[in-house]
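Take a look at the structures listed below.
Each of the next two complexes has chain A plus one other chain: chain B in the first, chain C in the second.
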Partner chain A sequence: MLFLAFALVASACSGDDGIDVSDAPADDTGDDDTSDDATGDDDSGDSRSGGVLLAAQGAEPDRLDPHLTSAFASFQVLENVYDTLVQPGADLSMEGALAESWEVSADNLTWTFTMRDGVTWHNGRAFTAADVEYSYNRILDPEAGAANAWRFGSVESVSAVDDTTLEIKVSRPTPNLLVSIGAFKGMAIVPREIVEDGTIDTQPVGTGPFKFVSSSPDQGIVLERNDDYWRADEGLPYLDGVTFTQIPDQTVKLTNLQTGEVDWVDTVPPQQLAGLEGDDSLVVMRVPGGDYHYFALNQNRPPFDNVLVRQAIATAINRGEIAEAAQFGAATANQAAIPAGTFWTYDYSPFPAADTDAAAALLDEAGVTDLTIEFLVSSEFPETVTQAEVIAAQLDAIGVAVEIRDVDFGTWLDVQGSGEFDAFMLSWIGNIDPDDFYYAQHHSDGGFNFQGYNNPDVDELLDAARVETDESARKALYEEAATAIIDDASYIYLYNPENINAWGANVQGYVVRGDNAVRFEETWLDG
Partner chain B sequence: MTAYVLRRLFQMALALLGVSIIVFSLIHLVPGDPVRVALGTRFDPDVHAALTKRAGLDRPILVQYFSWLGDAVRGDLGVSFRSGQPVADLLFERLPATITLAVAALFVALLVSVPLGILSAVRSGSKLDYGATAASQVAVSVPDFWAGIMYILLFSLSLRWLPPSGYVSFSDDPVEWLKHLTLPALTIGLISGSILFRFIRSAVLEALHQPYTRTARAKGLTERQVIWSHVMPNAWIPIVTVVGLQLGFLLSGVIVVEVIFAWPGLGRLALLSVQDRDFTVLQGAVLLIAFVFLSVNLIVDLLYGYLDPRVRQK
Partner chain C sequence: MTATSSRDDHYAGEPIAEHRSRLRATVDTILLNRLAVTGLIILLLLVIAAAIGPLVAPYGINEISIPDRLQGPSASHWFGTDDLGRDLFSRVIIGSRVSLMVGFIAVGIALLIGVPIGLASGFYGGAVDSWLMRLMDILFALPAILLAIAVLAVLGPGIGNAMIAIGIVYTPIFARITRGSVLTIKESVFVSAARSLGATDIRILRTHILPNVVAPITVQTSLSLAFAILAEAALSFLGLGVQPPDPAWGRMLAEGRGFFEQAPWMAIFPGLAIVITVMAFNFVGDGLRDALDPQQRSVIESRGQG
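Entry: the complex of A and B
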């Protein structure tokens, strides 16, 4: 609804990287709907069910309570166990999941959702609107400790009118409410009984395509087919089960795929992408992702409070080189946050690349000499260290020295929170709505405006855009805000990385998604 | 004997207390807030405050320590902040993997080091001695993560003999258990074995030059009798000490090797708990590791009595 389609075929990514890894064996690489011919006479139709897929993930899920975890590894698993009220479709526009339909009142302050019929929990109990009321109120309760409570900033009340009707009242028009409740499994609907008996972390019960069976250090996380899935009439899910194992070392993880020990891996080391070209036993799929990498200079600390200094840095760097060094070409340099190809894309590139003369002139104008910048990075995100090294070399050309402060992520968060830094570098992941891209980071009251950006015009624009229900008017407001944010170098945006998954040639029907969600419901194994 | 063991157990308790104080102080000196790590880069401040309060992290450090200690001496190691699971459960579900790998690695180490160490000492200066000494030098110098990756690329990717990583418990499938165990056990076993080799060689060499060995030879005993009846009984004591230390080291979780081989042991758990500032798990893991280390040492000391009658009489 809100978005143009993300190009979902690997070859659609920037054509100049020389790597074509789109040689998926079957004709199902694209976004053609595999469900519509599940009952057809397609020659692979009969083999679409069966098999247990072995998936390898790089990190260990910390816990399995979708409301309390913030770990991507947990969501890779939970994506297949739980449902949200609405969910992003292949083009990332929101479509019905547990809710079949919804409407907004004329004053835009009441949303009414109608639940899908005949959905049951994995424990056999019928799903009702009361489950949604319970789940959302749990997220809203600070005592529960939900990591995603912030997504409900404008929600005043959630109540089940009857078994199939849910009403959400908001304090202000909230055009991104569907994205807030659906873009992310952290907003999953959970049954009250497993929260109350304390088994939600050890024995999750959802409504999704796969049922949780067990989790142990030696067996990994075992999921089995949910025969009563609400898309069972389409034959889904095709697989008998999915088992997640955790393999921290990237090279070893890839070796497991190459030797057939696992069927699917969640990442490929970018430096090995070229080497996998032409390997017929594997499929590597890359799609433009919604994540972005950036760094921010501390505007509470001179001389970074001077916009000329920030602009000088933004002009001196070469984003293409940074992306190449950090991601080996599996990324697109961008001076703005939102990647190309979505409804919200705003193509704005005011800074010349690596223009050392212009950058030096800006520093002169600011009257700054002998500048040293300490970059806060973390080896737990190794690309940030590489990027800082490249930036150090690039800024050397205008006489600016860079000191790299590489700490573990726990320390990184602490230092960022304390404001004791010159510059921090990281990425934001999983954003879809522009409010997620800008408000918390650049509004003067934003919870994540650690760089200390304060522009009343931007505040006004972001406040207005947040409640604007007309899509094109909303887009125009965000473009105006983004122009100021980029010109003022509140964040210095670097690039959008691609989402990359790889799997064995026997895996069919899996698609890498623009939001990087890992969904196996339409996947099957060729016998 | 009983009095000796009791005294040693009391010393162990004191040492564990000391370890717990050091770990607790260190982890609170390092910056990092477990609640922020758990919530991620973006969160609601009210949620942060509520979680901090619930985990008791808003209390003074001394209060936190003594409340933890009070529970710990009653056998309650607390709940992991990261996973919401009891710490004891997390530790004990990973203990079998760690013990398996440690014992297997020690087995590899002894298999290599005992025969080679004795032979090298007896034929000191021979080609075998030079070869084994050089090989052991290489094996200790090569970093374990590099050696591990090389074994995986050779034995898994190129030759397809063994699986590259993972752990299967013996009760599930003994054959797969052995296949998965081989490469990690080899990686650290060879390093450990090289260290042991050097100790064994020098211990045997030293005993070979003692007056009692000369006497034994002068009595006309065969070389075999000299080695097994006079040299080795004296060489065992330093060897057992080093073997004990090596076993303690292996049991404490070889973090790098566990990460490379995706081995679900204590070392990996400890690493995760440091990254996430999961205080209770780290405390529990370090205490368990210290306990294992001290216990192995106690057993080694008791073994002295068995190996050397002089110790027994004292």
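Entry: the complex of A and C
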């Protein structure tokens, strides 16, 4: 989903949007008991209906147009209002949503989707393939300014053949098209009428489990049950409604959960995890996510253009200590990007961990002494400051000095864009397809390759993997590319944090998802 | 803002012998003031701590030890440890360097810019006065912290720029106080006498006017130091001052805020350090004002003797 990417492209001011997610720590030890509690109470059908869930989010949604917003807070709400053509299931593989089925032509250049029957918009109008055509063309239209047009990089045309059939033509085989159109609600299908009358930002109309009722500073954002939801025959959604309130202060948000003023919170400060997990009135659930934290050295600036210097730094740092310091154990150190437990997982750790002798030898070999690195971080993502402080202490052991440059996120983006940095540190969140993990960041033409990595072999591998339709062949290509990326220390990967939400013991049927999507479709309140 | 000037022309032309006894009286009055003495002692301790900080600090300020994180105050860590296991006592001690340095340099900047502006403005009057003081009024009209943040937004964060920002913010105060005093003194007979003898403006300003506006400026300096340290703390709190990992009280306070439930000592000790330092400067400032203001002084002396 690359929310951060959107924050990066969209604007300086949207820096807050990513905080909550990238803050979200996690633990691979998991809470199997609690998650069973949360999902396993299937005792009686009656108890599953009714109730209005009060959800607290840390940031204010900036706007409600799913195609234009980049704020995670907006998507927390919109996730429950809109649908996409396909959507990630529990294991993050793509399953049908508004599209019931799809097929790809033999030349892999035409995708044909069949729409689900009997879906209606919240305003009562019937949903058709023309709505999908309209929505995708809006995303593709440069004048509309959608943040996600790049996801349609290979799409040549989108056309509704009839009311239930949609055809997408692509210029090259696009094995990750389903991820592109379904990974998150930034690719939502919206009705033409609310775009044309301009109410899409204030009064969204979707096809999802909840209808948007109102948004106001004192009442928060009020959603009510959509009785005509396309999964209504399964009794979904169970809740009568969801109300989102915005509580920026983490401590206040948590206190409200503990006192029962809200039922659900979108993040938990990692340092409080230990205390909360002993609290019987709460459920804290953490699952491995697709996020990763990293830093990158500026390869356009000596001595970081020397791969030995980058490898020395990748060798000197202690990733376990960094993860522990920043996430209080709710993260897994990783020298690669993709976390364990997915189809695309690639376990590769070439660097001896925290080996100061080996690191010093590499620096010697490079002939570099008296090295000072200026680390670009932002207090708006407080873990980056903490990590930089720990890295400063760790690199001190090999005689490398670290100067931390803590700026507001707007400045951070400017500096990153202008290339006036030694090193920058941040996280990428919500990735599913390996193309999301590597292409924009490490291809020499990649839009986020600010560190100046240029390896023709990697370019070739990434280009080939993009169009490879055989999954295992595609996986092999990405592993080859990842090997080079890690060996060359284009990014120095640190760890994968886990996604964490917390809720009151009365909330049932909610699960924290690997993609951090907040879905209340199958949630209900006890008693 | 605190000094009244009607008194200045009393002793402006007094002979040197009497001047010495006045200094003596000033010192006596300050020493009579228990708060001022307390403030002086605290400041003295602070300066010593800042000077020999690395010798007394039991740990390195950036000595990270994750297993020791968030420990409460104990014999080995007097003020406890922070989220990275660093010793807070050491960081608070070394943090005093930042506060004092920023305070003195920022106020120094304000003095060096503000006093000449005030002198010129008060002495020449007319258009010079109007222009300079309107400029000062504009600066003065903006809330101090906002103005400092705006300056830092232009210059970029960092300790050097923080000093410049705070210095700019406090310049108008010194300009105003100096101007006010100059306005009364330049009408004195000895100034007219000097001028009629053909003294140049510079000479009159330097030998006749400047010495006579020192008292209110001294008082203001002490009070401004308190505000400057507070301003530095506020800017560091917002992440605009000292950059991590170096310790500054305001930044430590900001870091401690997120851990207030688990480790209140992370915020309490830097907070106390700020409060105590600012109070000490205020006590000394109040004592100086009492001592340098003859009307106030007589009240205090009579109180002290009675």
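Note that the second predicted complex is superposed on the first by the 484 of 527 C-alpha atoms of A that agree within 3 Å, B and C clash if a C-alpha of one lies under 4 Å from a C-alpha of the other, contacts with A are read in each partner's own complex, and residues count from 1 in each chain.
Throughout what follows, a contact is a pair of C-beta atoms (placed from the backbone, for glycine too) under 8 Å apart; a residue touches a chain by one contact, two chains touch by 3 or more.
Treat the numbers as computed from the prediction; the structure is a model and nothing was measured.
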With both complexes superposed on chain A, which partner does A:E324 reach: first (chain B), second (chain C), both or neither? second
State whether chain B or chain C is in contact with more residues of chain A in the superposed arrangement. B
Should A:D62 be classified as contacting the first partner (chain B), the second (chain C), both, or neither? first
So, does A:F381 touch the first partner chain B, the second partner chain C, both, or neither? neither
First (chain B), second (chain C), both or neither touched by A:F409: first
Taking the superposition as given, does A:W102 touch the first partner, chain B, the second, chain C, both, or neither? neither
Can A:E261 be said to touch chain B (first), chain C (second), both, or neither? first
Touching A:T251 in the superposition: chain B (first), chain C (second), both, neither? both
Where does A:F343 make contact in the superposed view: on chain B (first), on chain C (second), on both, or on neither? neither
Footprint intersection on chain A (chain B / chain C) at 251, 408, 411
Parts of chain A lying in touch with chain C, wherever the complex brings them together: 250-251, 269, 271-272, 275, 321, 324-325, 379, 382, 385-386, 388-390, 392-393, 396, 403-408, 411
Contact footprint of chain B on chain A as seen in their complex: 60, 62-63, 65, 68, 70, 142-147, 149-150, 201-202, 216-218, 245-249, 251-252, 255-256, 258-259, 261, 380, 408-411, 413-415, 417, 426, 428, 440, 447-448
Mind pulling up the chain C residues that touch chain A in the complex? 62-64, 66, 69-70, 83-84, 156-157, 239, 243-245, 258-262
Which residues, counting only chain B, touch chain A once they are in their complex? 30-34, 36-47, 49-51, 54, 82-85, 93-94, 97, 149, 152-153, 156-157, 160, 163-169, 172, 259-262, 264, 268, 272, 274-277
